[in-house]
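Below is a structure I'd like to ask you about.
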Amino acid sequence: MPIVQISMIQGRTPEMKEKLIQRVTDAIAEALQITADKVHIVLYDVPKENIGHGGIPLTKINP
Amino acid sequence: MPIVQISMIQGRTPEMKEKLIQRVTDAIAEALQITADKVHIVLYDVPKENIGHGGIPLTKINP
Amino acid sequence: MPIVQISMIQGRTPEMKEKLIQRVTDAIAEALQITADKVHIVLYDVPKENIGHGGIPLTKINP
Amino acid sequence: MPIVQISMIQGRTPEMKEKLIQRVTDAIAEALQITADKVHIVLYDVPKENIGHGGIPLTKINP
Amino acid sequence: MPIVQISMIQGRTPEMKEKLIQRVTDAIAEALQITADKVHIVLYDVPKENIGHGGIPLTKINP
Amino acid sequence: MPIVQISMIQGRTPEMKEKLIQRVTDAIAEALQITADKVHIVLYDVPKENIGHGGIPLTKINP
């Protein structure tokens, strides 16, 4: 059942997303001792200007 | 007050989204015995490559 | 695939939650023309003091 | 640590988003008496047709 | 319309939460030039053991 | 920056959660080629009655 949501900087390739989905699913299945088919993941691609750390948008922290 | 968030495969028409918003609002209002004006919905359109079930992206499960 | 998240005032009975899950799933399946088994729902029970509309906690709007 | 997620109508400028990130971070830091560097914000830009209040999409409430 | 979700360490008093709701609503209304009644906030109280930074639970970073 | 949110059945021990946070952070850092300190995770513990698959609460699917 775990529902996993990952918000991350946009621009990753389909291959990177596939790897991410695989690895995170395996990590959860192993840590929670459940089968991989129970894990559902959604990735949200977010532009840098939409992310803030310490009150500063990522476009200014790491342009 | 219910806040409803639905992440789904992108590509639905405005008409489909309107129907979705209507039906889900009615379902919640009825089940929780509240008025429809209390229900707030946000839809998130997600590409297939961003969705994983069992460690596999939806692009490979259902291309 | 739709992932549905509903944040609502805590205190609903298991029967009400079951009805909510059923109705919302049916509404989504019908509106999006998908089968019910694709719909995943998570409910989050939230105390009134954690909900704000217009800057006012629900405990003061509707005690 | 607070993780803040704001879903809002798309179309805001980078300057508006920067101001939003600043102000919300300051508000949280002050209200919770923590330092600003602990606050993480993600903004989600959503088209009007994806937002529903009272069962009606925002495109029809406020075209 | 903005929907705001704040996940934070559990244990804040109702007074602190009220202040948080007020300040964040004001900050958003001002930054986005909208009226406060459009802002909806939900707070999620989370135990320290459920929060991880850099792979380490907050219980170990800041016991 | 990735913000990771995992909604799962309540009842895991602090040790299991710690392992989960570690493994998921490592998986993301490796897949996205970023350092672990950029990864922020929040776990949400949810009772079985709050989770629905195919319109049926988890309490009835897997009591």
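For clarity, chains are labelled A, B, C, D, E and F in written order, and residue numbers in each chain start from 1.
Everything that follows uses one rule, which is that a residue touches a chain if its C-beta (ideal position, glycine included) is under 8 Å from a C-beta of that chain, and two chains touch if they have at least 3 such contacts.
Being a predicted model, the structure only gives us computed values, none of them experimental.
Visitor: Going by the contact rule set out at the top, which chains touch both chain B and chain E?
Guide: Touching chain B as well as chain E, we find C, D.
Visitor: Among the chains, which is located farthest from chain B on the basis of C-alpha centroids?
Guide: E
Visitor: What's the farthest chain from chain F if centres are computed as the mean of the Cα atoms?
Guide: D
Visitor: Can we say the copies chain A and chain B touch using the same residue numbers, with more than half in common, or are the two sides different?
Guide: Different: fewer than half of the residue numbers at the chain A-chain B interface appear in both copies.
Visitor: Just the number, please: Cα centre separation of chain D and chain E in whole Å.
Guide: 12
Visitor: Let me have the rounded angstrom distance from the C-alpha centre of chain C over to the C-alpha centre of chain E, please.
Guide: So the centre of chain C lies 20 Å away from the centre of chain E.
Visitor: Rounded to a whole Å, what is the gap between the Cα centroids of chain A and chain C?
Guide: Measuring from centre to centre gives 24 Å for this pair.
Visitor: Give the residues of chain A that touch two or more other chains, as numbers and ranges in rising order.
Guide: Correct list: 3, 5, 7, 22, 24, 26, 40, 42, 44, 51, 53.
Visitor: Throw together a list of every chain pair that touches.
Guide: Result of the pairwise touch check is A-B, A-C, A-D, A-F, B-C, B-D, B-E, C-E, C-F, D-E, D-F, E-F.
Visitor: Of all residues in chain F, which touch chain C in the complex?
Guide: Contacts found on chain F: 7, 44, 46, 49-57, 59-60.
Visitor: Of all residues in chain E, which touch chain D in the complex?
Guide: The touching residues are 1-9, 12, 16, 19-20, 22-24, 26-28, 30-32, 51, 53, 58.
Visitor: Looking at the complex, which residues from chain A come into contact with chain C?
Guide: It is residues 3, 5, 40, 42 of chain A that touch chain C.
Visitor: In their shared complex, at which residues does chain E touch chain C?
Guide: Going by the criterion above, the answer is residues 5, 14, 17-18, 21-22, 24-26, 29, 36-45.
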